[in-house]
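In what follows, structures are represented as structure tokens.
Consider the two complexes below, in which chain A is the common component and chain B and chain C are the respective partners.
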Partner chain A sequence: MAEPLPPGVSADRMAETLERFRQIVGKEWVFAGEQAASYHDPYPISNDDARYRAHAAVAPASVEQVQEIVKAANAFGVPLWPVSRGKNFAYGGAAPVLSGSIVLDMSRMNRILEVNEKFGYALVEPGVSYFDLYNYLQANDLKLWLDVPDPGWGSVMGNALDHGVGYTPYGDHFMMQCGMEVVLASGDVVRTGMGAMPGNNTWQLFKYGFGPYVDGIFSQSNFGVVTKMGIWLMPEPAGYRPYMITFQREEDIAEVIEILRPLRLNNVIQNAATIRSLVLDAAISSTRSQYYSGTGPIPDSVARKIMADQDIGMWNFCGALYGPPPITDALWSVIRDAFAKVPGAKFYFPEDRKRRPDILIHRAETMRGIPKLTEFNFLNWAGGGGHIGFSPVSPTTGTDALKQYRMVSGRVREFGFDYMGLLAIGFRELHHVTVIVYDKTNPDERRRLDECFNLLVKEAAAEGYGEYRTHIQYMDAIAGTYKWNDNALLKMQQTIKDALDPKGILAPGKSGIWPKHLRDGKQS
Partner chain B sequence: MNRRLFVQAGVTSLFIPNAMFAASAVAPSRDGLAWDYFFFDERFAEARRLAKELSGTTEPTPVQGDITGIWTSELGRASLAAPMTMKGVTAESFYFCLRILLADQARVEAQVSRIDRDLHLWTIRTDNHLKGAATSWQNHSHLV
Partner chain C sequence: MKLITLTASAALLAATAPAVAADMTGKEVFERHCVHCHGPGNEATGTLQLARTRGEDKALLTERDDLPAVYIQMIVRQGLKAMPAFVPSDLTDAQLQALTDYLTQ
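And now, the complex of A and B:
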């Protein structure tokens, strides 16, 4: 199919724009036609192939080139869709919300500009992946640990900007960012926080600088193109002890969360730990067909067989202890005694696990910041390889956890999918990430998934649960649920958008924020 | 600036009849003797059978879905060093991750055919004309 054009842009004007981009970056760094295929969503949900489709892509190598590209896009009125590395695959990958946009691929800007062992931070460009930064730390024998999300090929900057999470004590990635450089839609370059002061040496040490703190408005947003970001890194601890506690019954989740809340708030549980469901963990080492050949969700008898075979629970809590052994021993005794109250709870360290692959052996690496791709194994569970995350946030209470679990798992199973969920434990909230695995080659399954997802969004919002992050296809829907006081927040975001990007050339539709000229029609 | 090896992937994912693909799969590989790698998912009998049938003179490499270990230990560097021709009968995650990883550092041509619910039969060839470029962490500098 011919690549789509954005609204109001003729083929001639698009050709002129691409020619200008070739002048800026060199012809080999502008990708059109078949060359742009890798920017498509690898897990599309819509059965309309013309939606969420880029027209082309341009890959700059420097801040100056980004400035020139942005200025040209303004002059020609052509929308850009910036991506750091474009590996945000469960949420659309590099694909734009607005079809016809040109992907601004920042992956060539991949320098690790500074790593400071004394203060524990790195300053990176958008194209630096977790693998890159990890390899650098290892090669230079630096006593710093990364915090990684599950896919190690993603951008350190991009994940933080999208509010991604990891699994060490530094698991809230945006909390750990410090100082940005941003190219605005005008082409101007801004440094935030202490970076605004010439000659200052605390850009990556103190977030707030002077005056309003603005870094947050460049996360999950379309207000600028971030070209540098500081990220805090964890000093290598004196000891490390990962563990897993399994629970046998679905309803145990309520009691588990009640036990967990004070432990997390008091930092007895030190890391961004997770409680994962049976099928999600089983999918790391097996496929559904190895246990069940029927249709619809697996029956309880099959679930019990998987638990026995793999020595895992209906829920599996993976955590880790960090620090000198006397401290971690003391913390462990408190954790063990607390969870021992749950009937049937079992406790494991890595040396207790004999099967390979094994979920704790795998998570033990992730919780010490080793980037991996192991979690993609869950693509294999049902065949067909598509997946999407539904990720509402709730308070850390047993009542909320059980309620969310029942709401989401019930709907997912009703639509014929297995429930694969995890609860990522923040200090005061849970990200309930439900991975729905579907056959991306099956149009009917994609239609069912879309119907299911829209229902989940609506039902969660009705109970006051909002998603923290979403696939490009649902950005309007999710933004629409944050509607208190006649959509006051979205209106403020639109005001900022209009001020910073009056022609609306940066990522139209990102997080439901549309430029003025596209606001009514939601042109995706 | 030392430019990172960056090549836009030319990926063709074709769904073609299994018989046709199997026939083409036994054709001589790049050097006429062997694949650089032949991967098979050792958990599945069909994968084990096809590995025997299609691997030619290449010693098949058993995998279980996750590419992380072999990529970080050898394949990542090996595929930077020279063009490669690989074949596999694996679950989707292994093929998908391999294709994406390779596409970050070489031009990739891929053919894939789904055999059953769990397995895919695939061939990947890389064109490494930017041989010698560095991975990004080697481009480290301290300029701000």
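And now, the complex of A and C:
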């Protein structure tokens, strides 16, 4: 099919726009026609192929080129969809919310501008991946650790801007962000925090600068194009000891979370630890067809067989201890004694694990900031390769964890999917990320997934649970659940949008924020 | 003092070079973009899945001699099942040609 045009933009105007972009970046860095295909969502859910489809892509190499591109987009009234590396795959990849948008592909801007070992930070451009930064630290023998999400090929900046999480004590990536450079829709360039002061040398050391703190409005947003970002890096600790604790029963999750909360709040559990469900962990090293050939979710008898075969639990808690051995030994004794109260709990260190591949052996690397792609194994659990994350946030209480687990697992199983969930533990809240793996080549399965996902959003909101991040197809739905006081937050975001981007050329529809001319159902 | 010196030199080096070299051999392209899923070892997603679906003898791309160049290029640009497509800004047409030559040599 021909690539779609955005609303109100003629083919001639689009052709003029692309020609202007070629003048700015060089003709080899504008991708249209068949070349735009690699920007489509690799794991689509909608059965309407015309939705969420870019018209073309443009890849600048400098801040100056980004400025010229946004000025041209304003002049021609053509929407851009900025992506850092476009690897946000469970959430739409590089594909736009608004069909016909031009992807502003920042992956050529891939310089590591500074790494400071003394203070523990890096200043990077959007195209720098976790692999890039890790390789740089290794090549220069810098005693700093990254915090990585599961897929290491994504952008360090992009993941932080989308509120991604990892597995070390620096696991909340946006919390570890410090200082930005942003190209606004006008083409003006702004540096935030201490970066606004000429000659200042604390841009990556102190987040807030003077006056209102604005970095947050450029995350999950369409208010500007971030071209540089500081990220704090963890000094290499004096010791490291990963561990895993397994639990045998579904309902154990309530007691486990109650034990875990004070340990995490008091930093006895030091890292952004995760508790993962049986199938999600089993899918790292096996497929569903190895255990079950029936339809629908796997029965309990099969679950027990997998637990026995792979020596894992119904829930598996991976954590790590960081620091000198006397400290980590003391912390471990507290953690071990606390969880030993759960009947059937089992404790493991990497040397206890003999099977390969193994979840603790794998996780022992991510919990020390080694980027990998091992996690992609779970896409092959049921065949068909598609996946999406449903990610509501709840307080770290046993009651909430069990309630959420029952709500979400019940629904996904009712719709014929296996429950593959993880609880990512912050200081005071947990992200309950349920990965739904589906056959992206099966239209009926995509339809069922869509129906299931919309129900999940609605039911979670009815219980006061909101998603922290989502796929492009559900941004409106989820923004609509943050509706307190007659949608006061969205109205304020729209006011900011109209002020910073009056023609609405940056990422229309991102996080449910539409420019004025496309609000109220005028997107098509 | 050593740390300060190292920091300064590291910063200088970083500021003068992109994270990725523009000219890459096919092997370098494979090691940057492909090896994490299609390399040897027991965690590589693509290798594991090809072993399951095509057989152990067809699991490693670097040991295959049955993959036409046009097929490799189509899969890289369009993706296949779990594997997403690679965009031409990140893996250029020239790099894709070098990769194809490397895998079909």
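The rule is simple: the second predicted complex is superposed on the first by the 522 of 524 C-alpha atoms of A that agree within 3 Å, B and C clash if a C-alpha of one lies under 4 Å from a C-alpha of the other, contacts with A are read in each partner's own complex, and residues count from 1 in each chain.
The rule is short, and it goes like this: a contact is a pair of C-beta atoms (placed from the backbone, for glycine too) under 8 Å apart; a residue touches a chain by one contact, two chains touch by 3 or more.
Predicted, not measured: the structure shown is a model, and the values here were computed from it.
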Superposed partners chain B and chain C on chain A - clash or fit = clash
Return first, second, both or neither, reflecting whether A:319 touches chain B, chain C, both chains, or no partner chain.
-> neither
Now for A:385: first (chain B), second (chain C), both, or neither, which partner does it touch?
-> both
State whether A:117 touches chain B only (first), chain C only (second), both chains, or neither.
-> second
First (chain B), second (chain C), both or neither: which does A:142 touch?
-> second
First (chain B), second (chain C), both or neither: which does A:237 touch?
-> neither
Kindly classify A:62 by the partners it touches after superposition: chain B alone (first), chain C alone (second), both, or neither?
-> first
After lining up the shared chain so the two structures overlap, which partner does A:398 touch, if you call chain B first and chain C second: first, second, both or neither?
-> neither
Should A:169 be classified as contacting the first partner (chain B), the second (chain C), both, or neither?
-> neither
Looking at the overlay, what does A:40 touch: chain B (first), chain C (second), both, or neither?
-> second
So the chain A residues that chain B and chain C both touch are 31, 35, 37-38, 42, 57, 59, 87, 107-108, 110-115, 127-129, 131-133, 135-136, 152-153, 285, 287, 357, 372-374, 376-377, 379-380, 383-385, 441
Mind listing the chain B positions that touch chain A in their complex?
-> 1, 3-4, 6, 8-11, 15, 43, 64-68, 71-72, 91-93, 96-97, 100-101, 103-104, 114, 116-118, 135-137, 139-144
In their shared complex, chain B is touched by residues of chain A numbered 31, 34-35, 37-38, 42, 57, 59, 61-62, 87, 107-108, 110-115, 123, 127-129, 131-133, 135-136, 139, 152-153, 228, 285-290, 357, 372-374, 376-380, 382-385, 441
Sort out for me which residues of chain C touch chain A in the complex.
-> 3-4, 6-7, 10-11, 13-15, 17-20, 32, 36-37, 42-45, 48-49, 52, 77-90
Mind pulling up the chain A residues that touch chain C in the complex?
-> 29, 31, 35, 37-40, 42-43, 57, 59, 85-87, 89, 93-94, 105, 107-108, 110-118, 127-129, 131-133, 135-136, 140-142, 152-153, 284-285, 287, 356-357, 362, 372-374, 376-377, 379-380, 383-385, 440-441
